[in-house]
Amino acid sequence: MPGVIAILCRCCGQIEPAVDLQALRERIDREAGVVSVEVRDSLCLPEDGAAIVKAVESSGADRILLAACSQYGKAGAVVSALCARGIDRSRVRLVDIREGCAWIHRGDRTAATAKACDLLCMGLGFLRYGGCSTDAVVAVRPECLVAGAGSAGLAAAVSIARAGFQVHLVERAAEGGGMLKLISRVYPTDVEAAEKLRPYLEEVERNPRIAFHPKTRVVSATGFAGDFKVRLASATGDVNVRVGAVILATGAGVWLPRGLYRYGELKEVLTLMELERRQREGKTAAKRSVFIQCAGARCPERPYCATMCCPSSIKNAVLLRKADPDAEVTILHRDIMTPGHILERYYRSALEAGVRFVRFAVEEPPMISGEGHVEHVEVFDAISGVKREIEADQVVLSTPLVANADNAKLAELFHVPLDDYGFFREDYPLHPLETRQGGVFICGSARWPVSSGEAATQGEGAAMKALAILCREKLSARSMSRLPEGKLGHARIEDGACSGCGNCVAVCPYEACTLQRVGGAFVSRANKMRCRACGSCTAVCPNGTVQMPEHNARAVGAMIRRAFAEGDAG
Amino acid sequence: MTSTLKTIRGKAENLLAGGLADGVLCLGRDRFNVVQPRLFHKAEEVGSLEIEPKWNLAKLAMQTLRSAEKSFRLTVVCRGCDERALLELVKRNQIDASRMTTLSYTCGREQAEACLCPRPYPENPAAGEKIEGVDPFGDPRFASLLAGDDQERMARWTGLLSRCLKCYGCRNACPICVCTPCKLEDDLWVERSAVPAEMIPYHLIRAFHLSDTCVACGACQDACPVGIPLLALQLVMRRSLREKYGYEAGLEADRKSPLLMDFEHASPAGFALPAWTVSSEAPHER
Amino acid sequence: MTPEIPRDNPRQGKADAPPVLVEGGGAAGITACLDLAAAGRRVHLVESTAVLGGQVLRLDKIYPTDHCAFCPLWTDIRRLKEAPGITVHLLSRVVSLEASAEGSLATIVTRPPFIVPERCISCGRCADACPLEAARPLGEHVYPPSFCIDEGLCNRCGCCVGVCPTVAIDLERKEERQTLKIGKAIRATGFREADLSPLPEFGYGTHPDIMTSLEFEAWTAEAGRNGGSIVRKSGGGRPVNIAFIQCSGARDDRLLPWCSAVCCMHALKQASWVKRRDNSIDCWIFYTDLRTVGRDYYAYSLRATEGAGVRLVRGRPGLVHPLPDGDGIAVKFEDTMTQKREIRRFDMVVLNGNLRPAVGDGYPADGAAQDNACGFTAEPADVAQSACQGSSAALKILIGGGEGPCRA
Amino acid sequence: MNVQGIVDKTTRGTPRVLVFACRWCALVGADAVGRGRADLPASFRVIPVECAAMVEPDSVLRALASGADGVAVMGCHLGGCRFNDANHVALKRMEALGDLLDAVGIGRRRLLLSFGTAHEGRQFAEVLGAFFRELEPLPSLAAWRKTLLNQPSFR
C-alpha cells in the first residue's frame, strides 16, 4: 500500500540545537502509513533536487511530508519544484520546523521536539485527507465589451481592436466622445478636445473590428472571465453578445450646484461645464472672471477632491487671459491641486500669464454680491489676512464630477464593488484596473475622476489587462489566481447534502456560489471560474457540504485532533 | 371553548370552504380523541381542530409542502414562535412562501411565563390579544443558570450537560434544524461513541449553528428527556445578536443574518473594533 | 484578475518578436512585465538592486488603505519569477542602448552578489562572523529570505566565507557584461531621494532627528528595528512632537521644480500612524497645498486631521535648526492662514518632498511626454498611477503604438 | 463542591494554544518572528489557513474539546483582507462565539482574534505572549472537565 515518505531537513545545523531530529525520526517512523523517513542536511540547494526525487521514487511512497523551513522560505520553492515534476500539490505537505519551531523555542529542547513531532503528525493527518480540486476550463470568446465611449472607453476599444480582437463599444448617448464633447480644450496640452477626439472617432468608424452600439444600455449579464453573456438594449432592439472580457469605462457625471453661490439665481454664475460650452462656441466676452474652486467638493456631502477641477480652471483662466490680455481672471481656491511636474508647470504658467490666485479658508467661503447680475465677489484672502472685494462680470463654479447613477446597475450586473461615492472600486492600489471579478476591468472617471489624458492611459491599461485574457484560447479556473501554482483550489458542493440554506451565497465575496432550483428545492452551486478559494463558504455551511478539497474539514479536523497529542504524552 | 379557538376554527373553515387553502395544518383530535398534528382538507373536519397544547408545526409544514403537489397551498395554524420559525425556514429556502399562509394566534399569560417568552404573539394575530412578554433575563430560574463567575458557570453547565443521553431529541425537535447529514452525527466533529455527548462539540456546535436562526420556541428544551435547560444558551445568543446588530431571528423577512456577509456594517473606515480583539491600533493592549 | 502566463498561444502571433527590455522592477515595471508576458512577449527585466518590488517594498503601510502591500506585491513577484518568457537581471544596469527602429542592442552589466542567493539558507552565520556588520538580511520583506554583503562596508576579510554552511559566499565575483538583442524598451526606473544639501535651511544632516520621510518610514516600520514604536533617533526616548515639512525640496526652483505628488498623502499617512501608535505625540504638518486627489485621499486627510488630531499648518518653515544643547530642533515658520510667525521646538523633523527620477536630471522642461517611460520616471506618480502606466506602456509596445490614437 | 479547589488542581501553567493564522499576513509575521529568533513558549501550534474567514467556529470548538486551552484566530486588518472584507465575517462570528463561551463558563478569554499585517511580526509575538499570560491562571480545559465529571456530586 502506498504511503508517506517523511523528509526531515537539518538545515545545515539550524534545526538540531533545538529539536532532536533523531528522536523525531524514530517517532515518525512508527506512525501508521509512513513508509520511509529521511533526514537530510539540506533540501533547497541546487544539488538536492534530484536526490529528493530519487528518495521519493525509491521509497514507493505516493505522498510526501517535508519538515523544513517555512513556506515563505526556500522550502516553498522545494514544494513548487516537486509539483513542477508532476506531483499533485495535495500530496505534498510542508511542515515548518525552523522559523515556527527550532528558531523560536531554543530554550526547551524537549518541548520543541514534542512540538515538532505534533507538527509532523498534523502534517500526516492533513496528507491523509487532503484532496485536490478538479479544474474547469472555458473557451475564451475572442471579443471584448467596452461600456462607455469617452476618453477611456475609446482608448480601450481602439487598442483592443488594433490587437486584433472584436470590440463591442456600448454608448448610452448617440455618439462617442463622452466628456470630451462637452469641453473646449484639454489640459495640460491645450489641444482642442474635438481635435483630440477625431482620430478615435474615425478609427471607431473605420475599424471593422469595432461594433459601435450607440444609444444602448447593458441590461443583463451572466458568465465569468472568458465567457460573459451580455444583453444590450437599444431602441432598435436587443442584442446578445458573448465576450471574453468586460471593460467598464462609463465615465462620470457633472454635478449642478443648485442654490450654491447663487447659482440659478444670477445668470452670470456658471459651472465650469457651461463655461466650457461658451469657450467652445467662442462666446466668452467677460472682462472680469472669478473662478471658485471646490464648489460642492471637499464638503460633507461629497468629501472628495475630483482631481480635474483645479487644472480645468487653470486652463480656462489662461485661455481667457490669452483671448483678451486685458481680462482680469481670479481663481479662489482652498488648495491648488496640481500634483506632478506637468501640472505644477501648468499652474506656474497660469501665474506667469497673470491669473490671480486667492486662497480662502473653508470656514469663510466667498460671497457673491449684486442685484440681478454679478457685481463683485467678496472673499477673505487667507494668505494676506484681508478682505477683498473683486469686481466680476462672471463667476465660474468649479464643480466636481460625480459618479454616474448607472454605476449601481452595472456594479450589480458584473458584481463589481462601488466605493462610498458610487465609483467603481479596484481590488488593491497595486492592481488599480482590476476588480473583484476576474475579467471585469475598470478605467477612467468611472473608477475615479481623472483628466482625459489619464483616462486614456487607464483605458489602454485596462485594454492590456483584457488582452491578457483574450490572447488565449482556453482559460482554466486554476489559472485565475495571482499565484503561479494556481489557487488553493475551489469550493465544491456535494450533491445531495446541500439543504439550500444560502449561507454560502450570502458570504461569498465573489458571487461564486449561487442557488439553483433542482426539483422543488434549492441547492447551491459553486462557480469555479469565480471562486478565489477564500474558504468563507466552508465556514458557514451548517453541515459541511461546501468544502475546499485542498483544505477540507476532515484534513483540518485531523490536524486539530493531533495538535497536542505528543505534548500530552510528554 | 376559548374565543381564540372559536375564531381559528371559524377562519380555518372559511379558508377550506372558500377554496383559499388546500389544507390546514393544525392540531386536531383523532377518532380516539388524542390531540396530535393533523392536516385538514375539508371544512367539515374543522370541528375537531385544537390549538392546545403548544406544539411546533413548522418542520411538519415544510415536510407537508415538500411531499405535496406543487400547486398545493397550505395554511398553518400557529403561535408566535412557530410563525417566526416558519419565517426562518422561508429565509433559508426551505419553504416556498408563495404556497403558505399562516393563521396565527397569541399565547396566554400562563404559556408565556412557562416559556419565558418575550414575544408571546405573532406579528399580526388572526385571533387573540397581544399580551406583554416575559423578560427571560429577569427571571430567577433563568438568571441562576448564568450567574457566577466563569468557574462556577463552567461547573454548573458541565453538570447539566453531563446528563445528556445523546438522544438527538433537541436537534430533532428543533423547527429550524434541517441539514442532512448533520454535523452532530459526524465523528469528525462529535465523538460518536461518547455518552454523555461531549459538551463542547455537541452542545456548543448545536447552540452556535442556531445562534442566528433560533426563534427561542423552546422545543429543544421541551424535548429533552433529562431536562437540560437548553433554551438558556439560545436566549444568550439571541440577546448577543440583538444587542450587537439589532437582529432577531424570525422577525424581518428581508434581513440577512448579521453573521453572514453584511456590507452595511462592514465599512472599513467606520467599523469599530470590539475591545477584546487586537489590532495594531492598540498593539500593546489586549 | 490577470490569469497566469500562457505557455503556448496561437492567438498571439508575433511569438518571434524580439524581447522587450524593461528597466526597473518596481510597481510600474513589474506590471508592464507581467502584462507583456501574459500577452506572449518575451521580456528582459533589468533591476538595479538585489530585490524586486522597488519602493513599495520600503513602505510599511500604503495609503489610503492603511494596509501593507505585501500580498499583492509578493504574489506578483512570484508570478514574475516563475513566468516563462521573463528573464530577470538583478543587480544590473543598462549601460548602453543602441536604438534602431526594430532590433536594438542593449548592453547590461551585472554585478553578482557576494552571497549566491540560490545557496543562502539565511541562517545568519555570516552576519555573526562579520566584524564590520557588512553582512545583513537582504530585506525585511524579501521572500525567500536571504542575506547579502554590503560591498561598501566589506573589507574582504573573508571571515564569513568559512562559516557559511552551504558555501554560498564568494567575495571574488566579478562584473559580467552581456549584450541582448531587444525590440523596444520601457523605462520604469522609479525615483530616488534627492540630496538636500543645496537647501541648508532644512537642516538635513545637522541632527539625527531631522530625517527624510523614507528614512522615517524605515525608522518607524513595524518590521523595522524599532518594531513600530516611535522613538527619537538621538538617544531614544519618546518624542513629544514631530514636524512633517512638505515640499522640502519639491516645488522649489533651487532643487526640484515639480511637485512630487505623493508626499502630502505620505505625510498624512505617517502622521496618522504616529497618532495611532502613540496618541500623545503631537504631529504637525507644514504644507503648501494639501494635494489629496485620489480615491479616498481627501477622506483620509479628514480622518488624519479631524479624526486622529494631526495639526495642519499652511506654510513652509524658513529655518530648521538643532537647538544648541542638541536636544530638540527649532522650526521657524509662519502660519500663512493666520499670518502668525513662530519658532517652535520639535523633537523630530520629517522632510517630505525630495523625490526625483532615479535616472537622469529630472523631467523635460517643456513638459513633453517621454517615450516609453512609465511610473515616476514619466511623472511623479503613486503606486496606483504607476501600475496603470505600466499596463499602458506594455500595451503600446504590444500593438506597436507610437502613432495614431494610442498616443495622446 | 469546591470549585476553586479543582481549578487549582488542574491549572498547569503551560496553556496549549492552537493558532489559525492567515497565510497572507499573520503567518508571514510569524515567519519574521522566527527569523528574529524570538523566544516563545513551545506549547502553541499553528494551522495555516487561507483567510480568517475560513475558520469555522466549529473548528474552534473542536480544538477546545481536543486539548487546546485557547484558540487564536489571526487574520489581516479589517479592510485589508486579501479576499474583500471576508475577515469582517470572521470577526462577527468569533464575537458571537465568544458570547456562547462566556455563557457556559469556558470564557471568551480562551478565544483570541487578532488582526495584523505581514509586517507586524512583533505584534504576533506580543499578542501571543499576552494570550499565554491570560491563559496561564486558567485551568487546563480537558483536565478540569475530567476532574469535574469525576466529582461525587456529579455521579
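All chains are identified by letter, namely A, B, C and D, in their written order; residue positions are counted from 1 within each chain.
Heads up, the rule we're going with is that a residue touches a chain if its C-beta (ideal position, glycine included) is under 8 Å from a C-beta of that chain, and two chains touch if they have at least 3 such contacts.
Given the structure is predicted, the values throughout are model-derived calculations rather than measurements.
Contacts with chain A and chain D are shared by B, C. Ranking all chains by how far their C-alpha centres lie from the centre of chain B, first place goes to C.
Distances from each chain's CA mean to the overall CA mean are smallest for chain A. Inter-chain centre distance (chain A to chain B, centres taken as mean C-alpha positions): 42 Å. Inter-chain spacing, taken between the CA centroids of chain A and chain C, is 22 Å. Chain B and chain C have CA centres that are 58 Å apart. Chain C and chain D have Cα centroids lying 38 Å from one another.
For chain C, residues that reach two or more other chains under the stated contact definition are 65, 72, 122, 143, 145, 222, 228, 299.
With touch defined as above, residues shared between interfaces to two or more other chains in chain A number as follows: 72-73, 420, 427, 507, 509, 532, 536, 540, 553, 557.
Residues of chain B found to touch two or more other chains are 183, 189, 209, 259-261, 268-269, 280, 283. Chain contact summary for the complex, chain B toward chain A: residues 66, 70, 92-94, 96, 178-183, 186, 188-189, 209, 256-257, 259-261, 267, 269.
Every residue of chain C that touches chain D in the complex is listed here, in rising order: 60-61, 65-68, 70-72, 74, 122, 137, 140-141, 143, 145, 221-223, 227-228. In the complex of the two chains, the chain B residues touching chain D come out as 146, 148-159, 162, 183, 189, 198-201, 204-205, 207-209, 211-212, 232-233, 236-237, 240-241, 244, 258-263, 265-266, 268-269, 271, 273-274, 276-280, 283-284, 286. Chain A contributes residues 420, 497, 499-503, 506-509, 515, 520-522, 536, 540, 542-545, 553-554, 557 to its touches with chain B in the complex. Only residues 11-14, 42, 44-46, 69, 72-74, 76-77, 80, 142, 154-155, 158-159, 162-164, 188-189, 196, 199-200, 203, 225, 298, 303-305, 307, 335-346, 361, 382-385, 419-420, 423, 425-434, 438-439, 447-448, 453-454, 456-458, 460-465, 467-473, 475, 479-484, 486, 532 of chain A touch chain C when the two sit together in their complex.
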